[in-house]
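Lettered A, B, C and D in written order, each chain numbered from 1.
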Amino acid sequence: MKYRMMRAPMGWNSYDYYDTAVNEQQVKANAGYMAAHLKEAGWEYIVVDIEWYAKKPGSMREKYQYIPFGDVQMDDYGRLLPDTERFPSAAGGNGFGPLADDIHSLGLKFGIHIMRGIPRIAAHRHLPVWGTDVRADEIADPSSICGWNPDMYGVRKGVKGAQEYYDSIISMYADWGVDYIKCDDICNTNLYRENQYSAAHEIEMLHSAIQKNGRDIILSLSPGPALIEKAWHYEKYANMWRITDDFWDDWKLLRNMFDRCELWQNHVAQGSYPDCDMLPLGKLGKGFGKEWDTRFTKDEQITMMTLWCIFGSPLMIGAELTLLDDWTRELLTKTDILKLTGNDYVGKQAEKDETHAVWSCWNEKTGEAYAALFNFTDSEREISCQVQEIEQFCGCLPRVCGAKELWSGKEMALEQGCLRARISAHGAGMFLLK
Amino acid sequence: MKYRMMRAPMGWNSYDYYDTAVNEQQVKANAGYMAAHLKEAGWEYIVVDIEWYAKKPGSMREKYQYIPFGDVQMDDYGRLLPDTERFPSAAGGNGFGPLADDIHSLGLKFGIHIMRGIPRIAAHRHLPVWGTDVRADEIADPSSICGWNPDMYGVRKGVKGAQEYYDSIISMYADWGVDYIKCDDICNTNLYRENQYSAAHEIEMLHSAIQKNGRDIILSLSPGPALIEKAWHYEKYANMWRITDDFWDDWKLLRNMFDRCELWQNHVAQGSYPDCDMLPLGKLGKGFGKEWDTRFTKDEQITMMTLWCIFGSPLMIGAELTLLDDWTRELLTKTDILKLTGNDYVGKQAEKDETHAVWSCWNEKTGEAYAALFNFTDSEREISCQVQEIEQFCGCLPRVCGAKELWSGKEMALEQGCLRARISAHGAGMFLLK
Amino acid sequence: MKYRMMRAPMGWNSYDYYDTAVNEQQVKANAGYMAAHLKEAGWEYIVVDIEWYAKKPGSMREKYQYIPFGDVQMDDYGRLLPDTERFPSAAGGNGFGPLADDIHSLGLKFGIHIMRGIPRIAAHRHLPVWGTDVRADEIADPSSICGWNPDMYGVRKGVKGAQEYYDSIISMYADWGVDYIKCDDICNTNLYRENQYSAAHEIEMLHSAIQKNGRDIILSLSPGPALIEKAWHYEKYANMWRITDDFWDDWKLLRNMFDRCELWQNHVAQGSYPDCDMLPLGKLGKGFGKEWDTRFTKDEQITMMTLWCIFGSPLMIGAELTLLDDWTRELLTKTDILKLTGNDYVGKQAEKDETHAVWSCWNEKTGEAYAALFNFTDSEREISCQVQEIEQFCGCLPRVCGAKELWSGKEMALEQGCLRARISAHGAGMFLLK
Amino acid sequence: MKYRMMRAPMGWNSYDYYDTAVNEQQVKANAGYMAAHLKEAGWEYIVVDIEWYAKKPGSMREKYQYIPFGDVQMDDYGRLLPDTERFPSAAGGNGFGPLADDIHSLGLKFGIHIMRGIPRIAAHRHLPVWGTDVRADEIADPSSICGWNPDMYGVRKGVKGAQEYYDSIISMYADWGVDYIKCDDICNTNLYRENQYSAAHEIEMLHSAIQKNGRDIILSLSPGPALIEKAWHYEKYANMWRITDDFWDDWKLLRNMFDRCELWQNHVAQGSYPDCDMLPLGKLGKGFGKEWDTRFTKDEQITMMTLWCIFGSPLMIGAELTLLDDWTRELLTKTDILKLTGNDYVGKQAEKDETHAVWSCWNEKTGEAYAALFNFTDSEREISCQVQEIEQFCGCLPRVCGAKELWSGKEMALEQGCLRARISAHGAGMFLLK
């Protein structure tokens, strides 16, 4: 059985700020900040994103994000290792072990990104698969590639050595102390339009390798959009799956997330979390060659946090943590809102049209009921909702007479069973019903 | 809030045997049989299927199933009424009231089929909508038709009189005593390939009309296949939705149902039932002009009942009940299997490949655990499954040592945690784990 | 064999200015203008567009373009007739006969628009098909409708009375003196996404009815976009087919037409003309409730005329002719450019990229060669083309030394086999090579 | 301008009999046979099909048709060379030069198969592109692969060195004496479902390289089905394009070819030939490990030859020529039928339904008119056709009174303008009208 944690994972991911080029010192600095300032509010995962194995990543950025046919750090069995130029502690065959130890010592957990499959160069060089007499060219599928990253070939289904290859990498990661694996080009293999779930067998092999190993490793699948018709399969084999393509600081994408949360609202469960992707807050994009402050307004950031929490998405901060301003740090440590990502809180969309949405949230054990009001329009307006629309998703509530808006702390009374509030353009309110 | 019953509906439907041409006497005969022989096992709904309003239905069967531009029984407000030639008790404006009373007096419930929308002829005749100053031609959408039945136009979204029309028919049905409405051309409006959910607003209007009326009426949506991306919408507004196109007694369709149940397995909940369609058992097809005995083998019938029950589908018998043989009646009254359609039993697919499937079922309250083994191949074979594959869907089970096959009543011991049995071609076994 | 005229048809169509509401006097006024000012340049067809049979068309314009379930002029055989309120000469069963006579007397030809199929109301009323013992409800297909106009049902394939119905309307039109039929909802039945050519049999029936009748009637099919995979069928049964959805005075649509002409360039032949749709020049839109001057710049109008001519499209003026200004009238009477729509001139695209296109044209009989340069960008720029790119589509040309731009009349010399000219934003030049 | 030959190419191709494993001796034996027995009837091309550069092709046939990551013969510039084990005369850098010379000395022409793009291994090894300072990894596109063959990466569009690479291979082939290039994975790059014409730029680069070189090389594109919406592009840049996926000796595929010929009938022109693929006659499949005699009946073979000829397809024999029986050799040397593939003969489909087809053929210069009757059913039947259906595709014919069936030589008279004959199951008749 897959790992069943009690709440959606919360952490930091290197991608939005560093792209492919993050290094050990930078990871540690972010981990240090998290331990000091965010951990208490529930944040715990530090995740190193894509191409930590690449030599000189980002050096041809004007032409490519991922250098084709570029040099990588790899062992004799086709297993990718951290680039020792960027991760000096990985030298001498240590891999991410020392870095993971550091992070664990802060009371945090450590995650890495991988691409599904086996390195192309391992197949072209006919390298052996660890612990077997099979070679990489026998398990690599030359017709299974990623449409946007040139590093890997997919692993064939049902051939000798295939599961053993996945076992060999998971075992190495577990030895390093990895707690979270974000596997890419696997949730939606979108190059293959007639079969966007062409790597289902690789998901199963990853799951099986993790089960065999026994370490509690979260399996997170990217990129989105996840396929709703495979919901049952994600739910069986993975812990998180991206329900969107890459999310960035753009209102159109945030607005669009309401459609995706609507679609996936009945699929949040213990150990199973549809994933709205990283939170592009604070400072972003330095690794992409153009550092910027999030383009989201404060109201939009409140909308994002409100939606991600009431829906129950994992939360992964994209910002460089050491550069967080006070406002953003407060946004990220609002525990009475963050707690809604816990398994006991069930969020549902109560209403949605072109101008607004209303979500409800209900905790059967505590009897707490919440409502979130969202304003999709470009100007402030009043949004109202009959409490009975919320109640249909809750068990028997006592009569609701008032509400407290949690971001502002304001209390209000309800008139005739109607929750009514002025909401800023692109903004949101999160109400605890009383 | 929609009606939340405690188990998937069980009943009889006139279509498989009578097509469009059923009459009052025939309906009563089936109700009588159900009350006498099936009610005790949980069967309760008697449903009159398509075109009970049509004059001379079936009289042009060699050319059409549904006579285009044919005569119908209708009131002055464009509301269809039972054809009084076939349903004499409907004369004098009684509608289905007397028939519903009869059925209720047997301790059973009464259901009808409707097509979404308003009769085409009502629009072409500019009939008034009941209780309004709006005419049918103002609410009928001339570009919204059913691809396979010529009777209706869809009702426009958001125009004056539209909700009032739906209120007027639901109110009439409730007055008659209708307990169950199977609405067709609404779950998947498959003529509209770019928007197969083009009648979402009509689902909402039906739901709203039922809520306003207050009677506990089950809302069942056809035809399938239901759209998995609209699961949340069905779950919010309806009680049942067909996950398949019309199901008949053909192994290919039965085999295919395993794919559909796989897809929808996580969507069965209180008041929400993905629907595998009617059970084509016993005598079938007389109304289609060629009465026949079900083409399913006995093993296939056991497979069907096992799958429908462990999945949690509604159960609607297609056979003419008065002609049921003993074997079939026993199949339909196996209460220790039928009970798995109750809300407390949660079924999940544990394994599936080209040759077999395994399903698990778990009742958290009682601790009961079940496994079903299915053989997809054309010859008898042994099917085995590690109990741990079942256990992952159950809470903490005591150590499983044996099993009882419920169709046969045979007891068996487990070796090394493995459930193993010989299963007939296209057959199934349903095991209570001990 | 279908009618094989010697050039693409040129004429005027009532739609762009009058929408559904044109009347007899207006048609005659346009015919009078054409005879006086345009006929000499080759213009000859006067076409009455959609819903000439409708009573009070346009009276509910704020809600509908086409009034659903509205009243129509129709004979006892379900054949639509001109609305006698708008076309008084049609009274007494004359139909369009008197109007056609008037137009013929000016040396012009007369065309009408029809919707494919049979009036819905004729089917619901069970009217007889002329000259048969079949009724409209027997040949009307209740599942074949137009997605945007509510008037008709499609006619079934291969049923008794179907061809006879089409014969009966064509015979009536021929008796009236109709020279051109623009049939709508037939070239692309776009409601039916899985079969956008679902009315192929109705095209064949129209063709067959015209053949039987013997009058030289042009068969023009709408709406577009025509289906390239059915090119062979259009070429066999029709004279013109719309390669675009409705074309209006919008640069995006004009820019897009280059992609469509690229696609269809090898399909222009004697009697076969892919149709770029009407020319939205001059005064437009009064019938739509908001008369306006074409939104095309003069350069864009030159581009349109140049492309339509070198490609070989039919030319149908959308403007109210009596309000043409001098500049537009000159544009429309440039005979040395208009003549390129003749069958002996073969146009081909020589180059196209994001910024420009070059077309060639070659008349094998006279040896004339032309090149058109088009500027897609928003500012004036120089466009050049090696003459050899043109020559590959021509037979053996003498050495090309110079060129004459035909809109301006300017002569120029070529340097090193390169045609080079400054072209305005969204503009064009048409060069006769020398 | 591309090469414009006077008739569709006729020849032999190694694939159907030898798969990937043909050798020099075998090619020569087939050439010898062609020169002695077929050349007089017009056959002239000898084409070596896929993977002539592969080492030990076919040695892992039970697992792969094309060995992934296998060894190939290649020069220092990433240009593939004939495997010298199988083509000894290629040793010493001769390439296919000596073999081409041999074939030319027989009065025949020589063709080769290539995969679009550059060898994957050349990119992974960073080999230089001939005559440039660019490396293979700079022009290879790691996301452009073939879905069914593992050898190559596509070449990027518009990057330095890309055209030079194609120039370098075409120049080498021209030096060898190659007359015909069949390029694969280029006509329809079917892995890329959203852009099945993703290699359009590679077609243009091949065309351009051939133009620059100057040798009359036929450019043939595979695999099909070709995209009808790109007809204009094939017509501009190539000589032949496959209108079908691989064709084999299976009636379903042959029946299906009538749909494809219908679609492409108006696209046969001088130098432009939609290609129905090879003729699977005689002995087949030895290289696939299971030599067999064609599964086509004699009647089906006659149907195939009749359709290919009247349509105007290229003709490429798949059989091992040295093993041809007399019946097949006669079939392949029927010059009064083969001549219909000449440019002056224009074939058109006159009729087609579920049971039969009729094609016409017309030579404007000679006035010859032909009709072919095809029987799609599984039993002999009479097929008839009004001569006027044929005549609509011909210029003015003299009155047709009789016909000669060309396969049998039988003469017949026509009654009442009707061509009528008994045709065998799946068979055909080819009639010269008189």
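In the analysis below, contacts are C-beta pairs under 8 Å (C-beta built on N, C-alpha and C of every residue); 3 or more make two chains touch, one makes a residue touch a chain.
Every value quoted in this text rests on a predicted model; they were computed, and no experiment measured them.
For the pair subunit C and subunit D, there is no chain touching both partners. Most remote from subunit A, judged by the distance between CA-atom centroids, is C. Mean C-alpha position of subunit A lies 39 Å from that of subunit B.
Centre-to-centre separation between subunit B and subunit C, using Cα means, comes to 51 Å. Distance between chain centres (mean CA atoms), subunit A to subunit C: 55 Å. In subunit D, no residue touches two or more other chains. Residues of subunit C touching subunit D in their complex: 1, 228-229, 231-232, 235, 262-263, 265-267, 349, 391-392.
Of all residues in subunit B, only 68-69, 120-121, 123-124, 126, 137, 140, 142-143, 145-148, 150, 191-194 touch subunit C in the complex they form.
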